[in-house]
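Scrolling down, you'll hit the structures one after another.
Look for chain A in each of the two complexes below; its partner is chain B in the first and chain C in the second.
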Partner chain A sequence: MSGKGNRLSPQASQQLNHSRSVTFYFEGRPVHALEGDTVASALLAGGRRILSRSFKYHRPRGLLCSSGDCPNCLMEIDGKPNQRSCRAPVQEGMRVLSQHAWPSLDHDVFRVIELFDRFLPIGFYYKTLHKPRLLWKIAEPIIRRLAGLGRVRDDASPAEYQHRYEHADVLIVGGGPAGMEAARQASATGAAVFLIECEPELGGHLRFETRTHKHEGKDRPGYEIARLMASATTALPNVRILVGATVFGSYEGSLVPVLQDQTLIHVRAKSLVVATGCHQYPPVFRNNDLPGVMLSRAALRLINLYGIRPGKRVAIMTTNDEGYFTALECLRKGIEIVAVVDARSTPSALPEAAELRAADLPLFTGMTIREALGSKAVSAIKIGSVADDSESSKSVTIGCDAVLLSTAWQANASLLLQSGCQLGLDRVLGQPVPVRMSPGVLVAGEVLGLRSLKEILRSGRLAGQGAAQWVYLKTNSWWDEVQELLVDARAKSTSCGIAPTGQSKNFVCICEDVTEKDLYQGVEEGFDDIETLKRYSTVSMGPCQGRMCSRTSTEICGHATAMDLGAVGTTTARPPIVPVPLGALAGPEFHPVKQTAMHYQHLKSNAQMMNMGVWKRPFLYTSVSEEYEAVRKYAGLIDVSTLGKLVVEGKDAPNLLDKIYTHWMSNLPLGRARYGVICDDSGTLLDDGTVARLASDRFYVSTSTGNIDFVEQWMKWWIAGTGWCVHILNMTAGLAAMNLAGPKSREILAGLTDLDFSSFPYMGCREATVAGVPALLLRVGFVGETGWEIHFPAEFGEYMWDALLEAGKPFNIKPFGVETQRLLRLEKKHIIVGQDTDALSNPYDVGLKWVVKLDKPDFIGRHALQKMQDQPGQNRLVGLRCLDDGRPDDGSAVVIDGQLAGRVTSARYSPHLNTYIGLAWVPAGHANPGSRIGFRANGKLHSAIVIEKPFYDPEGERLK
Partner chain B sequence: MSFLLPCPNCGPRSAYEFRFGGELRSRPQPAASDSEWVNYVYTRTNMNGIQQEWWYHRDGCGKWFVAERDTTSNLVEKTYWIEEIIR
Partner chain C sequence: MTAPYKVTPLHNWHQRHNARMDTVSEWRCVLSYGDSKAEMEASRSAVGIGDVTPLAKINVQGEHSEELLEQNSDRRIPKVGHCLPIMPSSHGRIPTHLARLTDDRFLLLADPADRVDLYSSMEAAANSPGCAHVTDLTSSFAAMLLLGPKSLELLKKLGSANVGGIPVDGCVQTSIARVWSFLVRWNIEEAPGWLLLVSRDYGEYVWECILSAGHELGIQPFGLETQHAITRRGVH
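Here is the complex of A and B:
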């Protein structure tokens, strides 16, 4: 591996800064590079040829495309796997590791797998290693270890990505000559243009071209034109440019996402110009994957961007004129050319061809490469006649250390396909071209199949104009104008194809190591449709996603099935076009949290907090037993601000509530509250809560914490279209609420308000001033003790909390949290919707028959509930009391006669009964009070008895 | 699901700001037959083409409206308040 041997002298076209050197580490050893190098170019400059090992056979692979379209340069860079080293700019101190090779990239022990390739044909894992079943259990982990690319590190630090949202009139994808021209044209109309380019600079393929074209009066080399156009484009008004940014898909609603470093930009544009260019893909011949075999544009990039010679003795294989330009390029840079092989039988009439002949270069026409020879890099090629591909035909062996291929083009048309446009094969141009465009989507440049710079620029102008027309007029004549361009282009095209031979080691899919032989075998086995053949062989399913192989595999499929190429079709192009980190899609971590008005008081009391949806609630302050005792013997205070609170107001408010709730609400007296249940028209229980009447046309509705949004939406939906005069006001955040409960609660409250408690019955509601704050009091009994829910404006939260606790101090008041509340309500057999009920529960099965008023003419769920009362369900929700020392849990299994029969929904230890109690779903036949059932806890079976009445204060004496 | 929904009140917004409310259907009369009720509760037309459906602007104005969406392309042709088609 010589040091400076591969660098050419500094070129004007280069993107290197020769005065700034950069050192990075490859497999632990330092590599000296120049600023502007990519990791791959620096390694090649240092003489390295092998960049990776292939997926299945661990064959050595070298630089192929140098444009991010193939899998050969994938490496682990700074801990991130599967990075394209041909695209990664070098940075000081970067740590680069090869992937998937052991012990080193140059000497990979697993190459030995290739010796067994006879036993590893296409789809081998469907055919072998599974009889006996044990074989696969052994084989699978081994195969998984041996195959694959890259690894995810456990110690990877989470990357932080940002999201941005942009809008544009004209979004141009691709900053090559066509894209820049389109930008110029569109911006002249005043449209807001957004130009996106994935390489670090504008210019497209002109950046690495030294071929001259006429531009602004003079003949200039491509790279100079690129630079002039780039600075002109940058100076344009209302054109925003992003470089180093990749568009990775086109989605509904004209959403085009762009990934740039650590930012994901969601762009919505009125029109889209696709000027993404095209890429070359390699032909198929034996050992076409050897290091040193590369696409001609890769060589041009190496020479002109990085000043690196692709090899010392270069052979060129071509089916079009591009090969000749490449040959001349090498010649002018002093690189020895050992052969130019042109598959076309008529020698080219180009002046460039004459120049090559004059330089005495060996030119072979009507020939193609049959085989590349070499073990770790190409050392020679064998060429033969295109017309006669039989084994016995004459072949010529030519020694070389690099093979440049210019045989086929494929448009980068994924964005077009994803936008709903249709492509069709253009046999003259040799590639698919758009045949039907989606509205607002335009195309320009090489992606259309155009080759000459003049045509490319013209197509850019047309697209820019057409896009602006679309933005302003919602119509354009662009498509017809483009057809004329295509006719001209077809007239000039002179490429030809090469027929496949079906042999092994002729690699079609270099990502997945699929050979021609594999594909023919797949077709023979019955996978004769490109869709099934693709899935069976995994061709085009690797990192290149078909860029290097989809056309070839389609051709082979057509050839093997004797079908016309156009009829074979292509597989679907799906986003993302390039790999996108999940972190980029997720974006910044925002976890909204809702805190009640009393949140900081809870923290000050050292409460253990819990999450209830997005709300933070106190789980426990001291201990369940302490808090429980306080509520049952003295008084407790709990923050219930998270409950949904709706004010339903209007002359039709009673009608709405009658419709929504199963119980009567229109006859609710003033100053009274009623428990209500909401069902849907299938009779399923959706939510429960209290409805209190504040005025003839004003009700105060409470819902469970998790359902407030749903109930508000539900009510509004049922109002829509009725013409009712009723409004819903969501006061959940505006009001705070506390529940003061316990035998001493009346005394405590009496000291803070002037309310006359003698006329405040259970389930009443009153408006009064409490501790000087206007409040609504509801006398409810969720926890089974005398108590009041106090609702008041949230800004008084901390003050009221402290006031109540202060007033309750002489009475031993304690704050209590959600866990204690759960136990208290469980002792009263009060259900919690969502905990004790599920998406199939109806009011009858949970024991709420009294809440369903079928004498109401119509309410939601009435029809179903009427049917249900005659046909009770198979399961019932019942209370159960443990008979032994078992400790059931929420979710414990109910076991009857050795069979799984139901589940426990809530269970807690009851200090009142000194045993565990709970609610459980059991079969109707075992739901009668006194029935014995079993449950499973801690792996053992225990027994319990079904209880009908509440466990604590069954007659509700303490509430009166 | 990145299509845009033009809320009649707020204009075109990302579909994620809304909550889907199902196909537009007529609720049977309380006295309708069992089979009519079963059909209403459990079956849907599931149009392949333009469907009239309910949407709620959850992250916006909080109103329910009707949209006509082509289910094959997710293009929303028009949106309006229910009052415009119910008298």
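Here is the complex of A and C:
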């Protein structure tokens, strides 16, 4: 395919580099384009008219808007589906494929669906495919296969999306003349300005206008003004410019997301200027979707930016003066004009209209387009009188291969609506315009309904000044000044609409193939509110998000319900305004991971690692039996750095700990530690841990791994407002910790420290030097053996781990992992909060009555726990010993009298008892020692007996 | 048995990337990753990152902490969100800086060689009546130094803070790669620089996130040789 067929001669307005060609591949065939072309412009230059197939009927579709607003040019580009080819610049070697057509774009067999359109009315799947039920089962996969746009390729390499965060004083969305003028004004005040433009260059609609405007005292063509302004804006201090970037929403907290290529930019600004302009949308007439039917601004883009003729014989349909400018542009470029159809009864009084008349062009006033004729592209149009729209009225057929539409405009106001502004119907202008603005949000340019460059620039100036005032003063008088501007200016921008006729093949929503007839039928079926009609018909729910159809569907709804347009209202404009790849929203893979100070020592020992929340922990080094034996007979070493560690200090620290824990802590002697639990107001168990007293006003608190942040916040929350001198410092990251446990642990430790172990009782704590490292030692017994938790600065982690294993070598020491620790603690019946407890557990029910000190005058949960003491709960956490070969798992069901009665929370095989043991919630009536209960495992019912005391060393002799 | 040694949370990363190491103030530190010139160049023209975890970090908090600090320095105490040098280094290169996190919470940032003396003197002073508590948090934080003209661009990819709005002597608590961080503007001469403190256990994760985000900006890790060469040109 060559790129010369429809090319015009080079012009100053074009953005093409005629000396550099680019070759890309469309459906596997090479296409020669020019640098500066888009994929769509290059294909059109080569003579291609069909760019896509429609969603439901597979009708051929061609270029309509050329501005990224409509769905007609969606293609798969380099493996990425649903790319708008009218926006995608060509690149060497690019691979472009059509979508939604088989076997080819030009010959799509699914076009046959259109023959059955009478059986596929609006909501047909709701009405026809539900009885018998089997029908939907058959139909659903077929519909799903045929529906949808594009396909996600399994073999495509995942795109790398990035996120970025930007802040500004003034954010201006839209780099057209109004946006650039606003930037200039705001920048002059010293405000930091961020200007976002979705096109590859600044300039807005001026970029493709050759008609002249007065600018800085001279008459200049629009594209030249655009370049001058862009150049001046780029040179402005304090202005950052982002082109080729799309703003797709406005969120709470002044967050405006911007997508540029693979990067999602989160922008927060003190003030937002919306200068997003407006867009044209097509009127409704029969076959209004045929290739060759396009919006007049699309034609101007093709002619002036890409040097492409929109057709060889063009007809222009207009309801305003803009159509005359388009006609003149075609005339000057030597494109044959077969008709200018003006719906107004009197033609434009502009000088441009006189030039057209002088050229003796066929001008039809008071006429409108009734139908486009053609199969794969437009070949003729039928026009008729605006006054008489009946089927029998006289019509004229005119042969043409392109129809350029300049009939209606709609403000790009979604950002305004999402920012909390209100729109109202301007009856003079015939379109919704902003009527109430949110604080800090300003608006400028065509979005206000302005068309003249002079007024557009004035509105930009006012918005820029107003935005800067808002930044510095949090107030401005901008809105009042704009009102004065609007009253006069809008009156010059009027256009007239085209009345709907209610026929099929008059497409309203080209994304979803919703016709005018569908909407009338929807209203007839009772969906007479625009919001319900939208949901029922899916009008405005496609890729264009209503840009091409929301206004028309509102008009049709109003017409069908005999309601005023203002009363019909508009549908809600939700973000994203344009389709955004899910990968862009997800962003880069920031999944925080915590490593302990001994992480690499575990890896060197070939530990099997596991995820525990954000932590990486050694699950197992060798085998549970080997590690278990080492701890029970000799010594074992486990990394417990993940335990939460808090330093609580200040003269009121004892008061705080008495308040937080159910146990007394203020009477804890120096050098002693105590087990404690934390409850909430309702007596629910929240966490457990040890509290060690290091000084009269300094405590060291450990918490469970997953609850450290909660406990820290919980304590700080309860300090607030007390006036107490107490401070909480989270030392979890700063201190590594390991538990040395087993009958030989004392001997191992004795070789590394000068501590006097004879005066170091169970639940004692000492600060000492271990292997030359300052450390805190807590004598605790979580695994049921004599043992010490050694806490020390994390930077010594690797050294200390190696030092302890080295010193323990003669005593057969082994490192042990989390899985072995779980078994060891289970044999001691020590609970793990969160695993053995749930959101309803209280200390009484889990067997921790001894930590609740109701003789304390106050602590959190005291009142509830006092009541519970007299009214015990219905369930108890008890120890279970299996009586047969049943192997319960964590979570196995407890069954009593054939009924589900509870659940096993932890279960392991106990080498000590040579059977399976566990902890389980059972009804209070079955919680007495010796009670027999059943549990279900591997599909069978097994029996177990309730055990009161720990399974291992019930009297705690080994801890002494 | 070997003598105790201190390693940063990035120690193993450094080893895996062929770092030349040495012991400085008991810490195993990176001298260079093999090409000091390239490290220097990246820090001058793009962005470089150095592991400065040994930097002493001493927390002072409590109602009377400002008075305590005023008594121990003849310089003015910074306002909240600012970090100022308050005394020269006694044994090392880096002057002691004081960052104010809240009205009653401060962080002293000092040369590793000054840590013991600084902590002792502050703790002794805090023993006087009043509510001021001193804690050595050196072990709690991994510290990273980002240097170079593209460091600002890099930080914008990692967190939502308005880093461009942080003044020359400013500091902010923010999220970097979804992790709580303390960020201090740490310019060296006219080269933009940032000191980043994150919880030590997240050290390697954040380091790798920064390197990944900075890849397209030409980021290079640098060692003490580059750091010293830059600071010799006049740091603060």
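Here is the rule we use: the second predicted complex is superposed on the first by the 924 of 960 C-alpha atoms of A that agree within 3 Å, B and C clash if a C-alpha of one lies under 4 Å from a C-alpha of the other, contacts with A are read in each partner's own complex, and residues count from 1 in each chain.
Definition applied: a residue touches a chain if its C-beta (ideal position, glycine included) is under 8 Å from a C-beta of that chain, and two chains touch if they have at least 3 such contacts.
Computed from a predicted structure; not experimentally measured.
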Return first, second, both or neither, reflecting whether A:G734 touches chain B, chain C, both chains, or no partner chain.
-> second
Return first, second, both or neither, reflecting whether A:Y600 touches chain B, chain C, both chains, or no partner chain.
-> second
Look at A:R145 in the shared chain and tell me whether it touches chain B only, chain C only, both, or neither; answer first, second, both or neither.
-> neither
Per the overlay, which chain contacts more chain A residues, chain B or chain C?
-> C
Please work out whether A:V647 is in contact with chain B alone, chain C alone, both, or neither, and reply first, second, both or neither.
-> second
First (chain B), second (chain C), both or neither: which does A:K218 touch?
-> neither
Would you sort A:G772 into first (chain B), second (chain C), both or neither based on which partner it touches?
-> second
Is A:H863 contacted by the first partner chain B, the second partner chain C, both or neither?
-> first
Have a look at where A:D681 lands relative to chain B and chain C in the superposition and call it first, second, both or neither.
-> first
Check: chain A residues flagged as touching chain B and also chain C 268
Taking the complex as given, what residues does chain B use to touch chain A?
-> 1-4, 14-15, 19, 21, 27-28, 30, 32, 34, 37, 40-42, 54, 56, 58, 62-64, 73-74, 81-83, 86
Using the touch definition up top, name the residues of chain A that touch chain C in the complex.
-> 162-167, 266, 268, 588, 590-597, 599-600, 615, 641, 647, 649-651, 725, 727, 729-735, 771-773, 793-800, 803, 806-807
In the complex, the residues of chain A that touch chain B are 251-253, 255, 268, 681-682, 709, 712-713, 716-717, 720-721, 723, 857-858, 862-864, 867
Write out the stretch or stretches of chain C touching chain A in their complex.
-> 1-9, 11-12, 27, 53, 59, 61-63, 131, 133, 135, 137-141, 156-157, 159-162, 164-165, 177-179, 199-205, 209, 212-213
